[in-house]
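Note that chain A is present in both complexes that follow, paired respectively with chain B and with chain C.
Then we have the complex of A and B:
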C-alpha cells in the first residue's frame, strides 16, 4: 500500500518545473549583467596602459600591476594629490549631508508618526513632491537659486541639494520605524518620570537605531554617487567631488583606462564596505512594517 | 497614600464621547476595578487619570492636589500596561532602575530599591535578562516591579492579566492585592 502511494509522489518530485528554470536563467543573466562590468573594471585597473588597449583584449592581465593604485594614492604625486582631494571632498559632502539629514529627518518622522496636527496628511505626501520629477528638472532653477545665494562653487550648494533629494525617503522610512514602536513604551517612560523628549531620547531612539543607520546609508550613497548637480554647481577644480573629478582621466587625445578603472574601483570601496557591514539593518528597514508583529 | 477623585471627567473624539461625565472617588488604600464591555472607555479613563491623554472637561485630584494640568511624570502615579510596555532594549535591572534614574536617585539608592522590589517579586535571578527572554508571567512581574519600585501614590493597572494563561491568571489575581505590603498600598484603579 505504502509502495503504491510512494511511487507517484517520487515521480512528482523529479518533475522539472520549467518556469523555475526560466527564473534561474534570468537571475543568472542579471547577475552576469551586473557583475561582468565590475569584474572588467577590476581587471583593467591592474593592467598597464598598453595591455588595456590591446586588441584582441587580454582577458587576464599578463603582467598584473598595482602601479595605478599606487599612483592614485600617492600624496606626493600630482595625480595622487588630485584624487585624494576629490575623495576628501566627496567624503565631506556625503558625511555632512548624512548627518544633517538624520538631524532633520528623525524629528520630522517622529512628528508625523506620533502627533496629529492640521495638514498632517497633506504635508506628509507633499514631502514626496520632489521625488515625482526627474532630478534634472530642478537643475536650472536650483542653479539660479544657488547663484542668487552665492553658493555656486561651494560644497554648501551640493549639501543643500542632496538633502532635498534624500530627506523624503529618510522621513518615510523612519516614520515606518517609529510607527512600529508601541506608543505604550513612551507612555510608560513618561509615567516613570521622563519628559516627552527624554522618552524619545532614551526609549525610542535606541529602538530605532537600525532605521537611522539604514537611512544614513541611503543618504550617504545618494550623495556619494551624484554627478549632474556636482558637475553643474562646481567648476573650480579643487572643490570637485569624485564623480566629476574622475572625468579628468579623459583627455582630449588619450584616456588612461587603467587609471580611470582604478579610480572607479577606489570610489566604490566606501559604498561597498558600508553596505556589507550594515546590510542587515538595510534589509530590516526596507521590510519593517511589511507584516504585523 | 492618596485618595483619587475624578470629577465629571469627559473625553470626546469629535462628536464621539469616549468618557462621558464620570465621577468617582477612590479612598486611600482602596482597591477598585473598572469592569465593562470592550470599547466602553476603561482604558481611556485610566489614561486620563495618568495624564497620557488631554482631558476635554473635568478634574482629577490625587490627594489634595489637582493634577488635571500636570504632566504624567509629575502626578506621582505608576501604571502597568496591558502589554506591559517593558523597555525591550534594557535588561530587567535597567527596566526597574529607569523610573529611579529619571528621579535622579544615586546609584546606591537605586541598587537598594531595585533589589528590594526584585526580592518581593521573586525576580532577582532574572535581573540581567532582556524582556524577550522572559515568560509572560515573568514579564508581568517585571512590569509590576517597575510600578512598585518608587512608592507612587496611585497604582493604575490596565488589564494586567489579559495576556496570561488561565492558570497564571488565577495565581496572579491574588497577587496585586498582597504585593504592596501595607505601607505602599494606596488608591488602586485596576482594570480586569
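Then we have the complex of A and C:
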C-alpha cells in the first residue's frame, strides 16, 4: 500500500518503518487471539461427540457433520423444541425491550437536551451512576418486587428490569445526538407554524435516526445477552431465555460439548449479524459521550 | 426472617474480620486490576496499529470487536471447552509445542484458575478499549504531529509528547469504565468456576451471590453489598469528574 501512495520521485520516504512492522505483528497476534477460540467453537460444533473427545484432538474434523445443528433446529425433536423455544423467548424479550425502550427514551432524552427543569442535573447523574452498580446487588430487591407484582416467571419481569437498566444508557446516548441538532431548525419550523410536537416529530426525529438505530442495537444486544436476572426470575423451563436455557441444556447432557458449541454458535449469530450490519452505529454509540471532539 | 433483631454492625464486623474476606478481596483486586491493565494495553496497541489507513482495516476492526458483542455466557462456555482438562485445545497445543508433557488443568488448579479467567475477560473486553482509543486518536490534530515531525521529533517523541496528552481524557474514562465493568463482572467467573476451586476464583460479586442465594444469609449479603456500594461510589465520583472535566475547561 505504501508503494501506491509514494510516487517514485519520493522514493527516499519509503524506508522501513519499524513501528509499522511492530503494529502489523501486534495486529496479527490480536487477530489470532480473537479468532482462534471462535474457530475452535465452530470446528467442535461440526464434530461428532466421539470425534470431539479425543486426545490429541482432531485439529480438523475428519468427518464434518451438521447433526448437532440439525438436532438443535429440528422442531419435532425434544432438544430442538426446547432450543427453539428459548430462542423465541430471547427474541421476544429483546424485541419488546428495544421497542419500548425507544418509545420512552426518545422523549426523555429530548427533554434532557432541550429543557431546563429543577433537578435536571441531579436526575441526569443519578441516571448515569445507576450504571455503575452490579446487577447482583439489585437482584434481591427486584426479585421481591416482582413477586409482589406477581410477575415472577413471566417475560414481563425481564422486560421491565431490562428497561430500568437499559434506559439510562439509551437516554444518555440519545441526548448526545439531540444536542448535536441545531435548535434553530426547530425554531424555524415553529415560526412556520408547526407545533412543538410537529417540529420534534418531523424535524428532530428524522435527523436523529442514526442515534435511534444506535440505541436500539445497544438495547437489543444487552437484552439478548443478559444472564443474571433471567437466571433468577425465570424458573419455568418454557419461559427461559437462551443464556439460561443453554445452561440447563449443558448440565443435563453434561458431556455434549459439540452440541453446546453448536448452541453457543447459534446463540451468537443474531447479535453478531446485527453488529456487523449496523457496525457504524454501534461504534458510534459506544464512543459517544466519552470522547469529546 | 421471623425474629427481626437489630444487630448493629455485627454483619460488617463478621465480614471484615473473616479470613475469606481477605482472600476474596485480594482476588477481586487482582481480577480488576489485571483485567483492566491488560485490556487497556492491548486496546491501546490495537488502536495505534489500526489508526493508519490500510486495506482490510474495517474488516479487522469488526472481527476484533466480535468478542465484545457476543454473550458472556457463550464466551464462558467456549473458553471452558478450550481449557478442558482432558480434551482442551490449549492444553493439547502446549503439549504439541513441547511446553509441557501433559495437558495443563487450567481451571481446576488454584494457582492457574484466576489468571485463566482473566485471559477470558481480556479476550472479551479489550476491543472496547480499542474502540474508545481509536475514537480518541481521531481527535489528535494532524498538524501538531506534522509540526513535531518538522521540528525533528522521532516517532516515539511524537507519540509521547503529542498523542499521549491528547488521549488522557479518553483513557481516563476508558480505564474507569473497564474497572467498573470488571469489578462488577459476574457471568465469566460464575459460569466457568462459580468461585472454585476452594474459593480461588471467588470475587466480591460471586461471593455476595453465594451468600445471598446459596446460603440464604441476606443480612450478611446486604452488608457486603453496602461495602461494595461505597467502593463503587468512590469510582463513580472519579467517573463523573472525568466526564465533566472537559466542560469545566471549556467554560474557563
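Operating definition for what follows: the second predicted complex is superposed on the first by the 248 of 293 C-alpha atoms of A that agree within 3 Å, B and C clash if a C-alpha of one lies under 4 Å from a C-alpha of the other, contacts with A are read in each partner's own complex, and residues count from 1 in each chain.
Going forward, a contact is a pair of C-beta atoms (placed from the backbone, for glycine too) under 8 Å apart; a residue touches a chain by one contact, two chains touch by 3 or more.
This structure is a prediction, so every number in the text was calculated from the model and none was measured.
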item	value
Larger contact residue set on chain A - chain B or chain C	C
Which of chain B and chain C A:275 touches, first, second, both or neither	second
Partner chain in contact with A:189 - chain B first, chain C second, else both or neither	first
First, second, both or neither for A:26, with chain B first and chain C second	second
Touching partner for A:201 - first (chain B), second (chain C), both, neither	neither
First (chain B), second (chain C), both or neither touched by A:264	second
Partner chain(s) touched by A:50 [first = chain B, second = chain C, both, neither]	neither
Chain B and chain C contact sites that coincide on chain A, given as residue numbers	none
Of all residues in chain A, those that touch chain B in their complex	182, 184-185, 187-195, 198, 202-203, 206-207
List of chain A residues in touch with chain C within their complex	1, 17, 19-20, 22-24, 26-27, 30-31, 33-35, 37-38, 40-41, 44, 52-57, 125, 128-129, 131-137, 139-140, 221, 224-225, 227-228, 232, 242-243, 246-247, 250, 257, 260-261, 264, 267-268, 271-272, 275-276, 279, 282-283, 286-287, 289-293
Residues on chain C engaged by chain A in the complex (per definition of touch)	42, 45-46, 48-50, 52, 54-55, 60, 62-67, 69-75, 77-79, 81-82, 84, 86-87, 89, 92, 95-96, 103, 123, 126-128, 131-132, 135-136, 139, 155, 169-170, 173-174, 177, 180, 183-184, 186-187, 191, 205, 208-209, 212-213, 218, 221-222, 225, 228-229, 232, 235-236, 239-240, 243, 246
Partner chain A, residues of chain B touching it in the complex	47, 50, 52, 71-73, 75, 77-79, 81-83, 85, 87-89, 98-99, 102-103, 146
